[in-house]
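Below: one structure, written as structure tokens.
Letters A, B, C and D name the chains as they come in the text, with residue numbers starting at 1 for each one.
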Amino acid sequence: MYDIRGLNEECGIFGVYGHPNAAELTYIALHSLQHRGQEGGGIVCSNEEYLFGARGMGLLTEALSREQLTSLHGFPHAIGHVRYATSGGSELSNVQPFLFKSHKGDLGLAHNGNLVNAMSVREALEDDGAIFQTSSDTETLAHLIRKNKSPDRKTRIKTALRQIKGAFAFVILDEEALTIALDDHGVRPLMLGMIDGAYCVASETCAFTAIGAEYIRDIEPGELITLSEAGIDFDRYTEASHPNMCSMEYIYFARADSEFRNTSTYTIRKSLGQQLAREMDVDADIVIGVPDSSLAAAKGFSEESGIPQEQGLLKNRYVGRTFLSKGQEARERAVRMKLSPVRDVVEGKRIIVIDDSIVRGTTSRYIVKALKKAGAKEVHMGVSSPPLKNPCFYGIDVSTHAEIIASSKSTEEIRREIGADSLSYLSVDAMHDVYHSYGSKGQCDACFTGNYPIEIIDRLLPQEKDQKTKGV
Amino acid sequence: MYDIRGLNEECGIFGVYGHPNAAELTYIALHSLQHRGQEGGGIVCSNEEYLFGARGMGLLTEALSREQLTSLHGFPHAIGHVRYATSGGSELSNVQPFLFKSHKGDLGLAHNGNLVNAMSVREALEDDGAIFQTSSDTETLAHLIRKNKSPDRKTRIKTALRQIKGAFAFVILDEEALTIALDDHGVRPLMLGMIDGAYCVASETCAFTAIGAEYIRDIEPGELITLSEAGIDFDRYTEASHPNMCSMEYIYFARADSEFRNTSTYTIRKSLGQQLAREMDVDADIVIGVPDSSLAAAKGFSEESGIPQEQGLLKNRYVGRTFLSKGQEARERAVRMKLSPVRDVVEGKRIIVIDDSIVRGTTSRYIVKALKKAGAKEVHMGVSSPPLKNPCFYGIDVSTHAEIIASSKSTEEIRREIGADSLSYLSVDAMHDVYHSYGSKGQCDACFTGNYPIEIIDRLLPQEKDQKTKGV
Amino acid sequence: MYDIRGLNEECGIFGVYGHPNAAELTYIALHSLQHRGQEGGGIVCSNEEYLFGARGMGLLTEALSREQLTSLHGFPHAIGHVRYATSGGSELSNVQPFLFKSHKGDLGLAHNGNLVNAMSVREALEDDGAIFQTSSDTETLAHLIRKNKSPDRKTRIKTALRQIKGAFAFVILDEEALTIALDDHGVRPLMLGMIDGAYCVASETCAFTAIGAEYIRDIEPGELITLSEAGIDFDRYTEASHPNMCSMEYIYFARADSEFRNTSTYTIRKSLGQQLAREMDVDADIVIGVPDSSLAAAKGFSEESGIPQEQGLLKNRYVGRTFLSKGQEARERAVRMKLSPVRDVVEGKRIIVIDDSIVRGTTSRYIVKALKKAGAKEVHMGVSSPPLKNPCFYGIDVSTHAEIIASSKSTEEIRREIGADSLSYLSVDAMHDVYHSYGSKGQCDACFTGNYPIEIIDRLLPQEKDQKTKGV
Amino acid sequence: MYDIRGLNEECGIFGVYGHPNAAELTYIALHSLQHRGQEGGGIVCSNEEYLFGARGMGLLTEALSREQLTSLHGFPHAIGHVRYATSGGSELSNVQPFLFKSHKGDLGLAHNGNLVNAMSVREALEDDGAIFQTSSDTETLAHLIRKNKSPDRKTRIKTALRQIKGAFAFVILDEEALTIALDDHGVRPLMLGMIDGAYCVASETCAFTAIGAEYIRDIEPGELITLSEAGIDFDRYTEASHPNMCSMEYIYFARADSEFRNTSTYTIRKSLGQQLAREMDVDADIVIGVPDSSLAAAKGFSEESGIPQEQGLLKNRYVGRTFLSKGQEARERAVRMKLSPVRDVVEGKRIIVIDDSIVRGTTSRYIVKALKKAGAKEVHMGVSSPPLKNPCFYGIDVSTHAEIIASSKSTEEIRREIGADSLSYLSVDAMHDVYHSYGSKGQCDACFTGNYPIEIIDRLLPQEKDQKTKGV
């Protein structure tokens, strides 16, 4: 429900060091991370002498041509990136990985996350004569690394990383090494794997499944891992560690087969649904999950409540952008084209619909209306996460075009607006209980609670930064 | 699993008569029929004076531009078509609806199905001086209508229809009327609906849901319906009627929310799964449906057997064509990129996997392998249809590149090839029992049994016809 | 000055029979005929078993890809076509050569000219059930050939040719032969050549120069030449012969190095300029030809008058379509961007500007104004053809958007409108004298005199036909 | 003959300050400068608050869309650029004008020429942490300006300009002003004009003619002109002045109607032809200039020698890139497709062919062969410039793929290779005599003599620089 909901992940990254098919593996891995970004993608490769890259706009199948992929064949080291789709303002120059050429050596960079002091750092660098070419946070790190005069490459990278604040997972490729870094809150997921004896790194473990790699472990907040001819070097760029992984990764973004500490999000989502069943006191004939992301939560709800789960809503796989008139009516039609009730399943039934989140409420309103039109006697809405109320500064694009409905309305007001017979959200505590039960040491819940774990230095949403810095 | 399986529907059609937003409704309806054809699509409109059309290659969002759609706004009558994707040889000239201009009046045509005497009729017409521009069966009907000298348009159309044999659902638009015709076996589905007082027609009822129309009834084999200023005229072009709807529409092609005689294919597929559970004597810990088309059958199997259903396989929504090397290894990688097991769901389990059909066996082999690699103790394969053994001459493209595995191998041989611990198919009788229980008066099962209900006059598969007739 | 003037040739054709590089030769030859049509082009080849073609929109370099050209390599027989650019309504389906497929054999056709009874014949064919796919006259001939039941292919072609009236040069390719036909007035040029022992045919001899072929002779009005395995067969499809070659071919269309009866149009144009010098009683300091087409006439004028010729006007090679506002101002700016005076050549001079024709007068008005602004003391305009007054029905597109200025205005009125100090046209008699002196047996001068040598049966200009017949 | 000869100008620039149609004027002006670069182009505009730009690949008509042009409408200040076509390695990121965004203000830059210390300066900047995004010299100046901490913008620009060496004409746009700078040798032409009271600047005066502006004067070596709200400010960034305008601008590059110190290159080229006639002792029947660039020289030769000039060679306007096999044979065919002899003009004649330069000799060899094949009795080649022997480091791309024939061969050897009956070059002294007679104070003749007026610090040809610095 990406287009309609107004929640967008900012990116997915991958890297592999020392494999004869590094570019092909990266290409396959990026395909499996495509749900994290559909605006563009690319690959940068290294043969220890120089770096070479290719990138493009759109889905990977459009972004990279066969010729480009072939041209990267045989390089043993590679990093890759998929980028999310903003409503406007997207340009090739912002598509990653970036590749910076210099007589001192080449530098490739790919980044998932969002820095909270990028503008401040950038302005200071510009005051000192630096020229930025993109509106991307990622370029800031490249300048910081380049400005550093230390003779040691790891020192240069560590010092640069300490100057930036926010949520980030980085893969950095140069002639000597592939460096992996995760911010000290660990907001974005980052996983270590191995294939045919070569280490690899990915935003989600589903990338390992796709290429046939083994999942080793989750990378820790503050870790700095260097892959080079000398082997793997585990280090930290900071001693600080405040685990605060993004809750939305569990609830909505990560692919259901991706694992965190050896548990799939499918299982976590089932547990969220079970918790919701315990907290939601409604009787019904059937439970329906909103496809695809809420099917697991609905399954958990069904198991816990004993109410059978049915596929009462179907998703049309083929609806892309359409050329119909804009506005609220158009958005509702878009939902209608994307989701359809199965009449003879829902007719005459009391139904509990499980959705993983409500952003604007457009989808929920349509679902209730469509199910009732198809003959449902009652429609109760259960949300397997707490009310979403606050914007994200750490790498999620909560569309500003949308009102976030829960930021200004009570649950009862929302219920009335979407027309449901009842509306229940999961409590924040129950959500954390689920996470803790699967080994989470800390989880960011700022979008629900407003408790931002990292100070928001620049107070700029991604699109605002974009406007301030867009060059040619 | 469209790309991988090698089974392709030949088309979807839609028509609406007398609605101020005829083109827009057609556009939305075609989106909901996109699963029936992704190669190209188009719309032809009429304002009772002349016809105007637009069409293009690819998915609808690529095939028709905003400008084209806007140019069709305001015409009250429209027909539309989506066309299936062949591996090669596709050209704009074959994309429908066709629009034939003449000083005697314009003629628009869209067709779902396959004629079994198109080549014979075409050759006779060519012997008489006719020039064909496409390699499509549909053009044959246009020539037959044009050659007919009767002063009455309905007589011209009826006579032409009687000259063609095979499976066909036609919508025919001229300045006077929108004519709807279904072959006397009713092989392809065709549904009558109404929106805002205007009649409409579609391959599946999901198109009615998408535009907000009411589903009136299934069109009968041999029926000829004329929509004109004079209202609706129900007639037949032939008295013959041998109901033989394609079984594969129920099993695999139709969208799960599409209804036949007021029953959704979701419900029918659940019943097929229930029947399979009765016939398949295997114990297991969980049941997994291959997403998306086999989830309903798996649900039925689970209900009947009492074995819980889990989402143990996930489908990656974003995998399109990739630029990787060809051949068997590539096909297996394609499946791996598209389907992933959820490790912690399947680990240590005895699993029954439900799939709706097996064509080449590539997907099944991968699924068994992947589930076992992910830790499954046993993998039993249950197919909710009988063994697929024979090619189709009535509008399904069973890829000739693929061996149809069951045409030459026994069930035990297939089981060994796919590596499953057991393999069970639904019996032909049980399949028909399900269909009859939902009111079916006769169902084509030629691909399972080889009993072709309509004589195969030309004995040419679609791709063979294409080669014989491709012009410029 | 093609875009600006509003005079467009309708096409160029080429054919070669029995050469190992037939497609490549055709491709090169079509490049040299590109001045006869820039809207689209194509090639159809034969290997005596079947025909294969490729075509596209735009200049040849855009119309045919390297892959398409390569796919045609090795076929020994080929025909080709370049098509002129209409203001709108151009579609791939109208780009030639046409290739008609049939179980009775394939048929390739390319045509230069315009039929005057195409609509009448077409309507009669449609009354008999024929379906046309294009708005092109050329398709009419294909239907006439196909409808003919004679067992002899030459008889079929001859009979069909006798049913059409107008201006036409045809190359017709089927599995047996390449047939060449010219209408009995010989309105469009058609030349016979030979390369490496293989016969070839082209609209102009410049095509022979381009491929290194030998120019044999001009094809005669009414001739029908057949190239086949049996060698060359010279025949006529009619005994009638009324030589009436289009005067505009000499004056403006043909490339200056193309020859007619062994005389280049460069030489003919020089003679037209010499005649004009004899008829035009004006003294001046320098003579300037409007580049490129009028440089030869200016050279002749200079030689005859003794007034030195200078390059006082330059043409910008790179001006294509621009995205600036429309209308008269835009058209004047287009001329200004395309033609520039050389200030120090024209300053203080009395100037005679030689142009080969005046259609709307826009260019002439700009030239006078620009030369005066650059300091010219006097600007006299000499036109090396008679006043252009009438539309053409034989294959020249005299833009209807433009007023043909001389159709409603006297020479003195035109002089005043373009602001020249004097304006002189060549007389019709002097023009014919030139043509006769180079062996012409008869020349169409309808656009000057209104004496149409072929009866205009349908009285439709090309764009009117287009509107009546455009299909999809 | 651009493609074939292997000589490419590096760019053309334009700027206008304070005109309501600044972007449209720039667009038209760039069209008239298109002969200086066909690889790409762009426009950057300012409204004194911020800068906005658009650029693209290919000819201007492809590079800028109507939408882009419209989006620039209304900005009062603009600079523009057209870029030359290299054989490979061209990328959008190198297309100018560059637009650098910063919180300190925006900076737009366009450049014609080539710096001889760009690599040295770049490496020093990189050692200090600068990140370059392009392989262009132009970016170097931007970094130098940005690194400068002076509070005065003119001081920053002057200081930066003093740090670069080589040939350059710059237009620099920021929120405050449009700055114009020419190197102290004045290698590339740069002209000052005025339109509707607004100052403008262009590489050649033909841009002024195209937009209807008045040509004021040639900008002097070392000049720095600032256009701002305060009016025009004439200054110098250096006291040094060593006039050394590129000879090839006169001989070949500049459009014939472009003026230098109020003399058109047409007139200068005529004089070069006259000088050649004095130095070349050959009798003949006709003189033929190679179109288009050598027609003026041929005219001068004809006037001085009394031998009549004829159009014995024609140029095909429509030949672009073709998809035929590569190598020497392909190059010869390319010339044959582009140039054709007029048989009846040259047959039986003793001919002097005037060409403005010989690079590889391919064209000359073809011309001699083609004229002889067409019947010429003798073909003498006269070149209206001295033998071209040395590469250029100041902004001309003398293709490295080509042997520069005169660098290793004597005139007699070249004559034999091209098959001419005689071959004469203009002497260096005679060339300079012509330039001096038209007021030139000094002219670079390094490509003829090897006397490079500016020290070649980095000794890198453009393509070598490109390889060293190409980023993504």
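General remarks:
Following the convention adopted for this analysis, a contact is a pair of C-beta atoms (placed from the backbone, for glycine too) under 8 Å apart; a residue touches a chain by one contact, two chains touch by 3 or more.
Keep in mind that this is a model prediction, so the values were computed, not measured.
Any chain touching chain A that also touches chain B would appear here, but none does. Taking each chain's centre as the mean of its CA atoms, A is the chain most distant from chain C. Each chain gets a centre from the mean of its Cα atoms; for chain B and chain D, those two points are 61 Å apart. Put simply, the C-alpha centre of chain A and that of chain D have 50 angstrom between them. Each chain gets one centre point, the mean of its Cα atoms, and the points for chain C and chain D are 36 Å apart. Touching two or more other chains at once is no residue of chain B.
A complete list of chain pairs in contact reads A-B, A-D, B-C, C-D. Contacts from chain D toward chain A in the complex involve residues 44, 53, 55, 92-93, 98-104, 122-123, 126-127, 129-133, 135, 139, 142-143, 146-148, 468-472.
Chain contact summary for the complex, chain D toward chain C: residues 24, 27-28, 31-32, 34-35, 38, 59-61, 64-66, 69-70, 206, 209-210, 212, 255-257, 259, 262-264, 266-267, 292, 295-296, 299, 303, 308, 310-311, 314, 316-324, 333, 336-337, 340-345.
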